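Chains here go by letter, A, B and C, matching the order in which they are written, and residues are numbered from 1 within each.
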Amino acid sequence: MTPDLPPPPVSRQILDVLEALLFATDEPLSTGQLTELLEYLSEQDRPRPLNADTILSCIAYMNREYEVQGRTFRIKPIAGGYQFATLPEFGIWLGRLVRERSKRKLSVSALESLAVIAYKQPVTKPEIEAIRGVNADYVLRTLMERNLVTIVGRASTPGRPLLYGTTREFLKHFGLNDLADLPKPREIDELMAEAEYEVEKRMLRELEEKREAEEGKDEASGLHLVDGDE
Amino acid sequence: MYRVKLTEFEGPLDLLLFFIRRDELDITNIPISRITQEFLEYLHLMASLDLEVAGEFIVMAATLMQIKVRMLLPRDENAPEEEDPRAELIRRLIEYKRFKEMAQEFGSLEEEHRKVYYRRFFEGDTKTLVEEEDDGFLKDISLFNLIAAYKSALDQMPRKVVHEVHLLSVTVDEQMSFVMDFLRVHGPTTLLQLVAHMVEKIRIIVTVIAVLELTKNKAIALAVVDGRDDIAIRPLTSLAPMALASR
Amino acid sequence: MTPDLPPPPVSRQILDVLEALLFATDEPLSTGQLTELLEYLSEQDRPRPLNADTILSCIAYMNREYEVQGRTFRIKPIAGGYQFATLPEFGIWLGRLVRERSKRKLSVSALESLAVIAYKQPVTKPEIEAIRGVNADYVLRTLMERNLVTIVGRASTPGRPLLYGTTREFLKHFGLNDLADLPKPREIDELMAEAEYEVEKRMLRELEEKREAEEGKDEASGLHLVDGDE
């Protein structure tokens, strides 16, 4: 059914390792980097010669395989290296994915403002800005667009500034029944403070490591009772 | 005497389980004096190494001694079916042992999954963006992220916020007129253009409020300016003819 | 050359879109999400029926293809969705390449606390501490920072303590599809029975040792501890 491919330029094992490396990397890999990584292969498994040309012919071979097998991705040269990429004709489908991805995260500053509003509500913009030290216009707008924050009234202070508060949507997202369910400042401090016990445990661990290093001996686990003075 | 080699224990229960395992004791029938003795020796050792003994260990030592004493007391004949003084501790030990086993299972699951890698570099993919309405903005943001953000906001709060309160005679009504006048003169504008010449923050704030107020009154309409942190403003009510001519 | 596969359950075009979507996602996609994304296919191109089962049979089909074609990755169920992942046997190569925070091993205390939270959720901090016998502040904070655990609400008990539960990231970290995939903890009864059995084992061993000592002979069984004096 599938047209036959010429024999691979190197062993299947090398092709497999290359494929896995290119699949899992978080940045394009240059032929130099790939050569280096393949050097971990045992002497007899290594491609001969092991150089950039070998790598390039492997990549070309794999791409032919993907084409013949009707795969929707190829290994592409990107930024001085090589990387898997889906074929451009699927861009419209990936666009839908990416849109969702880019919307996923609230920015740090939006999250901080949201937190301030949640805890201080009803709160005016100047109050939010006083705590965060920066202009809050943009984040407030974003949060309101996302229906996490809403205008809840006006302060009775001069100028009658608008008051902001969180929405039902906000409660729903964080699994809260009502605002009283928000962790209290005291609880937050508890969560954020390092337990003293941990400090001791770390000390103990360090001591232990030092001793082991000194004694230069290996040990399994737990309290070891050693027959001491004899 | 024995020399004791120290390693890390997850807590007093972990230490007790260690004694039980090492000496192959019956967890359901712990020899309480022996265990108490070993436990105290361990604490003593920690103290002799100048390690501060964590509170949990001291509480456990007290519990063990209390159980030991209760074991020595003659049983009250009248009290029907008095529970073994060790029962609660045994329950706790077994419960803990159970979760400790599961922790080990988790450890091997983790180990297994550490060998699996997901694709992580997507820059090469060509994506054609599609317009859709958005949801899922808060996906993966937990309450913890929220409170961490709150704490961070408070921590970074400017140490001294100087509020210079000098009374500015600026009112929402005034600024509403100003906005309408501005629109009359310049035609459709944006918020930034509107406040461009203003220096006092309070004046800007009041102007923004005025804009919102006018929006509410349907005197003007606002729209997001694409790609910029600005808001477009256009008048909805009919303006003086000169405004139309000026653009 | 390659063994023949049965005919695909849907048109090649649908398989291609699915493959491209799964290849390009950085988050597991659920069958629901995939169904939704496929709904953008024109009416006549859409698979019929377009539901979770159709998606699942497509995924199974593609994985068979990858296997036959000797690919080093598969579509894997994870955290309620599907995502491409490398085969575990290539982990050793990728470990050299990737130094990820998420690949960092969890400490014993983190694993223990996670076990308690995973099985008891929603669970309060005092409950976790009661089981482990130690303060849980630090470990809870670490687990939340790594997004393995989150606050899921408040208990209705006095003081309304915060409730904790595991996250999607938790499932991803351990390669689980959902919480039902967690290994089952042993029953208390079983543990008790085993404890008693251990005592018998010990008695048996002592008996054994005594006999061996009497017979003055060496032994092979790993049960025996060598005690030095001859």
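Simple rule for what comes next: a residue touches a chain if its C-beta (ideal position, glycine included) is under 8 Å from a C-beta of that chain, and two chains touch if they have at least 3 such contacts.
All of these numbers come straight from a predicted model, not from anything done at the bench.
Asks: Which chain is most central here if centres come from C-alpha coordinates alone?
Replies: A
Asks: Among the chains, which has its CA centre at the largest distance from chain B's?
Replies: The most distant chain relative to chain B turns out to be C.
Asks: Just curious, how far off is chain B from chain A if you go by their C-alpha centres, in Å?
Replies: Result: the chain centres lie 17 Å from each other.
Asks: Using mean C-alpha positions as chain centres, tell me how far chain A is from chain C in Å, no decimals.
Replies: Averaging C-alpha atoms per chain gives centres 19 Å apart.
Asks: Between chain B and chain C, tell me the centre distance in angstrom, where each centre is the average of that chain's C-alpha atoms.
Replies: Centre-to-centre distance between chain B and chain C: 24 Å.
Asks: If I count partner chains per residue in chain A, which residues reach a count of at least 2?
Replies: As it turns out, chain A has residues touching two or more other chains at 20, 23-26, 84, 86-87, 90, 94, 96-97, 175-176, 183, 191-192, 197, 227.
Asks: Quick one: which residues in chain B touch 2 or more of the other chains?
Replies: 8, 54-56, 117-120, 125, 127, 140, 142-144, 147-148
Asks: In their shared complex, at which residues does chain B touch chain C?
Replies: Interface residues on chain B, with respect to chain C: 8, 10-14, 24-29, 54-56, 60, 92, 94-107, 109-120, 122, 125, 127, 140, 142-144, 147-148.
Asks: Chain B touches which residues of chain C in the complex?
Replies: 23-24, 26, 76, 83-92, 94-95, 98, 103, 105-106, 108-109, 111-112, 114-116, 118-119, 130-135, 144-145, 147, 149-152, 167-169, 173-176, 183, 185-186, 188, 191-192, 195-196, 198-199, 201-202
Asks: Using the touch definition up top, name the residues of chain A that touch chain C in the complex.
Replies: Interface residues on chain A, with respect to chain C: 1-2, 4-5, 12, 16-17, 19-21, 23-26, 29, 37, 40, 65, 69-73, 84, 86-87, 90, 93-94, 96-97, 101, 175-177, 181, 183, 187, 190-195, 197-198, 227.
Asks: Report the residues of chain B in contact with chain A in the complex, numbered from low to high.
Replies: 1-8, 15, 18, 22, 42, 46, 49, 51-56, 117-121, 123-130, 132, 134-154, 156-158, 161, 163, 170-172, 201-202, 205-206, 208-209, 212, 229, 231
Asks: In the complex, go through chain A and note every residue touching chain B.
Replies: Checking each residue of chain A against chain B gives 20, 23-28, 76, 78-79, 83-88, 90-92, 94-100, 103-106, 108, 111-116, 118-119, 125-126, 130-133, 137-138, 141, 146, 148, 159-162, 173-176, 182-183, 188, 191-192, 196-197, 200-201, 203-205, 207-208, 211, 219, 221-229.
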